[in-house]
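The following pair of complexes shares a single chain, chain A, combined with chain B in the former and chain C in the latter.
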Partner chain A sequence: MGTPSDMKLIDENGRRLDGRGDEELRPIRITTDVLQRADGSVLMEWGGNKIMVAVYGPREAYPKHTQDIEKAVIKARYNMAAFSVDERKRPGPDRRSTEISKVISEALSAAVMVEKFPRTQIDVFIEVLQADAGTRIASLTAASVAIAAAGIPMRDMVVGCAVGKVEGRIVLDLSKDEDNFGQADVPMAVLSKGKEVVLLQMDGDLTMEEFDMATSMVLNASERIAEIQRNALVEKYKGENYPEIEGSEE
Partner chain B sequence: MIKTREIKDIVFPGDKIETGQLKPRNGIQRGEESNCTSQYFGVVQKGEEFIDVVPFNGSYSPRRGDKIIGKVLDVGPSMWTIDMKSPYLVMLHMNDTPWKTYSGELRKFLVPGDYIFAKIMNLNEVKESWITMKEPGIGLRKLEGGTIISVPSPKVPRIIGKNGAMINMVKDATSTRIIIGQNGLIWIDGEPEHVQKAVEAIKIIEREAHTIGLTERMTQFLKDNKGENHGNAQ
Partner chain C sequence: MPKDGSAVLSEIKRGYIETKLKEGVRSDGRKLDEFRKISIQTNYIPRANGSAFVNLGNTKILVGIKVESGEPFPDTPNQGVLTTNVELLPMAFPTFEPGPPNDESIEIARVVDRGIRESKMIDLEKLCVEPGKKVMIVFVDIDILDYDGNLIDACTMGVASALSTAYYKTDDDKKEQKLPVRSLPVAVTVSKIGTELLCDPDLEEEQMASARLTVTLNDNGNLCAMQKGNSGTFTIDEVKKAIAISDKAGKDVRAYIKQVI
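After this line comes the complex of A and B, so read on.
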């Protein structure tokens, strides 16, 4: 963050490195039910990110001391594959992934109706296969789709996006280089209808005005991302996907 | 040939539901000022009095009085532990069975792997439940022979149909015996090829539970496939 560099991140026409405008998102593709044995699963492709999410449960929470007599506990586990980044990542949990698991669990707990399933746990396994900036928000957005696909009751869907400051400008959905050499990175997630903020972190500095602008950009983008989430869920159940039953034609 | 098929309205968690004159029931969250939102990703189902959101998927949530099919997991000195495909395991006490049992002799009656048809007798706030097999006249028993298949529990009402219309149709057309547990486990008994036909029919209902005009299509499907019932015998 803020590493001095002579790399030009925004060209004279105001285009970013990958040719995007300030408020343009990278291409997002969500595929549901990719794993047979999971209750709900999603493959998320967001720019260069490739993330697999599997949801299991609700099921009785073990070890027993983790049970909550009043509600379900959401156990999200964010894990990066050794091959997901340029230089091999030492496998296993580390400070960063423990933190991300925690903030994702908390964000999801705000959306899922945990009070309906006392004493249980909902497992959310997040495997980052390829990382390219903004994985925590992509994981959370994907996890929300996987939970909906698993038929777990929710108040609202969770949708997120990162926003940051690059060469003094506020831009949406940072890419790897913008993240590394930009001045600020703000991942933010909201409930898709209620617009309540469920995840907000900031690396770097923004002025109040810049922050307000960043917030409104994320809220704006959340509508677009929510639409992608909905299309992904409904894909499997569309009418035209059902061929006529054999023999039922006259 | 692929034809477009009409489907019911699909909603997402948090979506507003227009209830009109109907009373909101399952899967609908009541907010302030009759502001109703969906709790599930599923389809809207309007009845004569109520409106529900039926999810596409999901685990079984036990309710008092439901008849369920469970699998024996473990045998204790005075209780069996039963898995009924819900988030919680459930206990069957030896006094709640139709047999004369003594403590420590439970293995004579049910061993792990057996399936039973039982009723949920009691349920508390933390979702602990107890089941019984004692109530006479409703067919509670150990399920011997037959085949067990599993469907998501929200699809069970569609498989049963209005007053059992759908499942009776499948039973008659395939000449099988079928017991459906509210938890989504289904026991089917009969000639192997008949069972196979029934499984096929139930899988179609499961897959297309959210489409309109399913009953008519199933009637046609079962009529057309009746002739094959004895295909293997010749």
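After this line comes the complex of A and C, so read on.
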């Protein structure tokens, strides 16, 4: 993890720098249909993170050699805006964002019914407008909602959270300082109902027991985050008038 | 990994592998938590500061280390720099093409780098010559020569062996000294085929697997890096089982590396 530092990350009352308890999430807000052109879109606000996600497709996969005759290919593109971090980030893909795009694409493929759309691609464009730790999981959680909002069939939603170790304690949803100066970082995402792990990375130093504790914290938190995802989708359809189906009345 | 005519497994082979797995053995006779034969030759490239030629079954990779002086990153002025690059050479597989690194090779390089870095194997502070101005940069370059599965583990053992046997000198030094190495991380990749978990997948097993999980363990038995790959899923119990397999299988790998360094 980051550079060693004498920075105190937990105060004398056992509270974290931003006043949170060990298992407390930062505020999360998910808004759907924030863009007009895209088939599905989401603005994810998670702590100080502001992430815009747009979904296009399924549409014909291009270039052609990327087509899969059996299923749709999910092409997530995780990109950080130049102004999203303290020091200006040079625009364009780098090695970190290439890796994140890959693991996000793979995680989403487990949830989307890709077999229904052979030879197509589903584009998931992720723009991190402001980064504040935990962007890959926030992006993935948002992308799952954006795909659902685009009306693409899914077998389950993807939901996740980062968990880490700070001054020897396992804490949920690392803040920027905790991410930079903590002892471990475990981004993890699961299928909402099935609880199968679709994304798991880890760096730092953890004992096996600490890892077990970390995973159960993520599973607990994912229930709470899934609720926020669900509410965002309910909000999308609220107030829409659906035609009555003839013959549905007794 | 690659999908094309030359890489698609026949249904017969697929069926054979699946049937064997149900009996708890693999098509090449290995147990589920058993590595293929490992052989590592260190100092294969005397012109490099450190090197290791790794055979993992039929997978062949070559790691070369170059240590040169340069500027530190602004946020770590008193630390040396470690950088890792993987080249999937066209000679290694029919569908590998020349060109800049693709997402496949970037992922391998980053997972290998993460294991080495997070284990604190190299004491980067000892590689500082003049804070903020001059530090030693450790370039880790990996050539993939022949591809038969499990590149991440092969590369990690190669890098660990090469670093452990590397010498360098600064511009002012007269004599070469050993790199400041203080631990030995070992990566073990576990693939999932059907509901079976097996370590060190060969190419055929990789093609059949729905997902993989790489677990890098340090000397003290603690986890220092993990990476799940591919679009399949693991249950929480399977993740724990995979960690246990990594722990067990990694012990043999570590014992072997200790012999050659």
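Operating definition for what follows: the second predicted complex is superposed on the first by the 237 of 250 C-alpha atoms of A that agree within 3 Å, B and C clash if a C-alpha of one lies under 4 Å from a C-alpha of the other, contacts with A are read in each partner's own complex, and residues count from 1 in each chain.
What we mean here is this: a residue touches a chain if its C-beta (ideal position, glycine included) is under 8 Å from a C-beta of that chain, and two chains touch if they have at least 3 such contacts.
What you see is a predicted model; the values in this text were computed from it and never measured.
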Could you look at A:Ala110 and tell me whether it touches chain B, chain C, both or neither (first, second, both, neither)? second
Determine, under the contact definition given at the top, whether A:Glu60 touches first (chain B), second (chain C), both, or neither. first
Tell me the contact category for A:Leu191 with respect to chain B and chain C: first, second, both or neither. both
In the superposed model, does chain B or chain C contact more residues of chain A? B
Touch test for A:Lys238: chain B only (first), chain C only (second), both, or neither? first
If you stack the two complexes on chain A, which partner ends up touching A:Lys102: first (chain B), second (chain C), both, or neither? second
Is A:Gly204 in contact with chain B, with chain C, with both, or with neither (first, second, both, neither)? second
For A:Met154, select first, second, both or neither according to whether it touches chain B, chain C, the two together, or no partner. first
Overlap of the chain B and chain C footprints on chain A, listed as residue numbers: 191, 194
Enumerate the contact residues on chain C facing chain A in the complex. 75-76, 79, 101, 103, 106-107, 109-110, 114, 117-118, 213, 218, 221-236, 238-240, 243
Could you list, by residue number, the parts of chain B that touch chain A in their complex? 1-7, 10, 12-15, 27, 29, 37, 39-42, 55-59, 61, 87-89, 125-127, 152, 154, 204, 207-208, 210-211, 217, 220-221, 224-225
Can you check the complex and tell me which residues of chain A touch chain B? 39-40, 57-60, 69, 111, 113, 116-120, 148-157, 191-194, 229-230, 233-234, 237-240, 242-249
Interfacial residue positions of chain A with respect to chain C in the complex: 1, 3, 95-96, 98-99, 101-103, 105-107, 109-110, 186, 191, 194-208, 211-212, 215, 219
